[in-house]
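Below you'll find the structure, written out as structure tokens, and then a few comments.
Order as written gives the chain letters A, B, C, D and E; numbering starts at 1 within each chain.
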Amino acid sequence: MAPAAVRLREAVALAGHFPLLAGVSFEIDEGEVALVRGPNGAGKTSLLRLCCGLLALRSGEGTVLGHDLSKDRRGVRRHVGLLGHQSLLYEELTVEENLRFALRASGSPADRAPAAVLRLGLTGRLGSTPVGRLSAGQRRRTALAVLLARDPGLWLLDEPHAGLDQEGRELLDELVAEARARGRTVLMCSHEHDRAAALSDRVIWMVGGRIVKEPVGVA
Amino acid sequence: MPSLRSRLVTLVGWLALVGVIATVWLGLFVTPDAVGFPDGLVRLLYVHPPMAWVAFVAYGMAFLSSLLYLWPRTRDMRFDRLAGASAEVGVVFTGLTLVTGSLWGRPTWGVWWTWDPLLTTTALLFVLYLGYLALRRVPGDPEAVAGRSAIAALIAFVDVPVVYFSVSWWRSLHQAPTVDFTGRHLYVHGSMAWTMLLGFVSFTLAYAWMTARRYRLASLAVQQEDEGLAHAIAERRAEGRVLV
Amino acid sequence: MLRDAALVAGKDLRIELRSRVALNQVVPFAAAVVLLFGLALGPDRSVLAPAAAGLFWIAVLLSALLATQRSFAVESADGARDGLRLSGLDPAGIFLGKVGAVVAELLVLEVLLAFGVAVLYGAHLAGALVLLGSCLAASIGLGAVGIVYGAVASGLRVRETLLPLLILPVAAPVLLGATKAWDEALRGTPSHALGWLSLLAVFAVVYVAIGVVAFGPLLEDA
Amino acid sequence: MAPAAVRLREAVALAGHFPLLAGVSFEIDEGEVALVRGPNGAGKTSLLRLCCGLLALRSGEGTVLGHDLSKDRRGVRRHVGLLGHQSLLYEELTVEENLRFALRASGSPADRAPAAVLRLGLTGRLGSTPVGRLSAGQRRRTALAVLLARDPGLWLLDEPHAGLDQEGRELLDELVAEARARGRTVLMCSHEHDRAAALSDRVIWMVGGRIVKEPVGVA
Amino acid sequence: MLRDAALVAGKDLRIELRSRVALNQVVPFAAAVVLLFGLALGPDRSVLAPAAAGLFWIAVLLSALLATQRSFAVESADGARDGLRLSGLDPAGIFLGKVGAVVAELLVLEVLLAFGVAVLYGAHLAGALVLLGSCLAASIGLGAVGIVYGAVASGLRVRETLLPLLILPVAAPVLLGATKAWDEALRGTPSHALGWLSLLAVFAVVYVAIGVVAFGPLLEDA
């Protein structure tokens, strides 16, 4: 049996006294593309942050790519890539410099950068523009280029379509499909269900910080 | 063919040069030594006060042109450039005042520096306008930069008289501390007075020349940008085609 | 305008009351400045005693810097300028409101900080009036300068470093005047302080006036 | 003839030396819902920022609801509402406090707040939660509640669907339709063209900081 | 670890070289601090002359504060902690790299600032070595403390006010030691400074060690 890429058991995570995640259990196999859906405030972002080791597990268990979420968060982070609401780039550095730094920091081969930049249409003027001067979608594309170049084992995509234009959306779909073909696991949440569902092997429904079998309300 | 204005600027430049040389020559070789000053140090009298004066003039000019920029009816980017150029020259002359003052202080007071209020506030003025120049250098929309710089120049200049008043006040309260500006009670006469006057005039001319040159440089840069703008717009408008 | 000022001041003070930043962080910071800098300038009493007023006002000045930074940090972070501009409020009102909130915070700080100093030096009642008056005038001056420059620096990526550089030299006259006024008051010659007090008042008036007039263009200009 | 709500003539706006808008001309009538489309970096956000007086007009002319964009930006801002990438709320204040402050600041009647809060589902716990603790979609809803309660003459919506859940999207569509029925003008840009186009009377295509007749490339 | 440190330091210094914040803003700020203190403490030479070293180090301390704030402001603003945690870099490497960059900036600042002081007081060569040594040790100590607390405060909404409060008291020994060492060196008795110098060295080592060990848990803990 292939090991599960992500396995959570009764995972609870708090912000102050508020339970962001109120006991979540599920498994995703390696190479699977899973979509998390649910209404605003369901805990989707929290779930992704837990899976990349940015949020602490308060109780319950969890492993990501074989690394324990309570004991080895650094190990988790090394093999996971997050495309979140914030792009986490250096505003003063150019697109290319950001990419180079991210690759060197994560120990990935630097020669993957040009291909990623090309793929996301960040060549020419854009490549040497400081990220602080990019438009929302261009910034998103840069973050995506970093993810693509790093190509981690688990891709966490938090509303990845937001901000991307038509071409960008199609590109994203291609990238996810290719990642899946390369054996990467993808955990994504999105409110653009048609597009996202078409990409996914499976849908996980959330509401109120936990997982439900069926969609509740008009999620 | 150089324009009338640029010829005027060149003329001012030459006058300033001749004036400064004449001041130095008169100061070094013609005017008498004054009692109470170790070997000929009084001769700094012909450069140091004019430099301080020019610094004030420069800041005053930066203030005036900032005011003109902020006043809606006279709002014009040229005033912004003038303010920047003038403040820059002012900082240079404040620096020179500090240096010549220190050079003067070493033999007269025995130290390069003392915490006399006048000296301290002069140095503060230096830093104050360094801050203003730093603010000007923060990139942004030209009008936004001009607007915020103009307001900073207003506030900075309001500081100048306040500081100087408070300094004289301080003196009257405390009596002059350990330091005494011997030079202030100096009896200036004859050739010394003329030389001093010449010093003031020629350093002021030098200020005018430097500011005009600096202003011209800034204008050229803007002109270049404006010419670049048409190109930049054309390039931007062509973006779509490239994308297809 | 005054209605807008009250609205803004109310909002800022409400945030302050909720987060207690001024009380829990700025006041201890000021105390640390007094103690530490006293230490650095020599434990020698002969050095420190005449410098007490100076130290006090330096601590206030640095705290005013923090209060100003905080005042713009609570506006919606990177969008501070945009938020204020789109709010529909009168710029002069925004200015006065923010100055009001900062002055209120500074006064609390000064009372707490001064308590120690005043007790140590046993100021007379007449002295106390001068102390209070200079606190008020100096706080208004510092607050006004701070908020104007805060708006200048807000939205810039380099605001953390630019703001202190801009504020510090301009605040010199306030520092000078307030220190002198306190010196006189603590030394028991409050009547000598009146000149300095009026300097502080002039300063406060001038900067508030500049702020009221300039805040509009400052926010308007893109 | 009804006056145009927005009228631009050869509008140019710069960021440094870069032309964000490179000569834009169009008109929107009062009561119209216009959708701006175009690829990432086309200048859509810049256009909206120009229309609410956050961006300066470098050359050309523009009026918004009768106020001149070069001379009377404060007048413009008073009658315009922006739902942008950033929510411009006070993180330390609760949803209700934010709403109350925004209404008082813009001189709108305070009694509109409860209805707006109710409509956007921000009652109960959420209403008294500091905005800094909300999820991305809840924050977006709060910004939308402020806009709804203020109900300005011109609504500027920058990718309004992003972050909203399924129910929120439908709600947004309703709100736009109602605003239109009340005679409000709406200028919106969005990459979710199906949804947005259904709402709109007209589509404006942008690319490279200008307006084009036809979609260019895969916008 | 060292590779990561070099990477981070290189990145920080590259941003600094591009924006010139340290040179254009922090250096004049330090000068303003010195002057303001001079003003506040009065023109009385007897107060100021022995306090010169203290003044210098206070200015350095406050500048170190700014440099630290800047060091985290260039990380992706609100997401600074998240960004660093997800970068995959060794925390100890991040720490050493950021300290390295701040120390480099501080050393430049100190050289510029000290130039005046050294000339003014005509220090001897032996003195100069002590001056240099204490600069190096103190900068490392200040940088290490600053970066540790910078990470603590990063991502918090109250970082503008919290960071100064945290750093100031902890930096006290550094301030004291460096002031004493400079005092002795300027007074022409550099041999007396050796004790203080070793104190500074101990602090630098201890703080760096704490940082290397603690930076991991600091970043880890959500």
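The working rule: contacts are C-beta pairs under 8 Å (C-beta built on N, C-alpha and C of every residue); 3 or more make two chains touch, one makes a residue touch a chain.
Keep in mind that what you see is a predicted model, and the values were worked out from it rather than measured.
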item: Winner on C-beta contact pairs when A-E is weighed against A-C; value: A-E
item: Greatest separation from chain A - chain, by CA centre; value: B
item: Intercentroid distance (Cα basis), chain E paired with chain D, Å; value: 46
item: Distance from chain D to chain B - Cα centre to Cα centre, in angstrom; value: 47
item: Length of the line joining the C-alpha centres of chain B and chain C, rounded to whole Å; value: 30
item: Per-residue overlap in chain B, given as positions that touch at least 2 other chains; value: 117, 121, 124, 127-128, 130-131, 134, 140-141, 143-144, 170
item: Where chain E touches two or more other chains at once, by residue number; value: 19, 25, 28, 32, 35-36, 39, 41-42, 44, 77-78, 157
item: Chain A: positions in contact with at least two other chains; value: 91-92
item: Chains grouped in pairs wherever the two touch, ordered by label; value: A-C, A-D, A-E, B-C, B-D, B-E, C-D, C-E, D-E
item: Partner chain A, residues of chain C touching it in the complex; value: 157
item: List of chain B residues in touch with chain E within their complex; value: 111-117, 120-121, 123-124, 126-128, 130-131, 133-134, 137, 170, 174, 177-179
item: Parts of chain D lying in touch with chain B, wherever the complex brings them together; value: 12, 14-19, 22-23, 39, 41-42, 56, 207-210, 212, 216-217
item: Complex interface listing, chain D residues touching chain A; value: 15-16, 18, 38-41, 45, 85, 126, 133-138, 140-141, 159, 161-170, 191-193, 217-219
item: Residues of chain D defined as touching chain C within the complex; value: 52-56, 73-74, 77-78, 80-82, 84, 86-93, 97, 101-102, 104-107
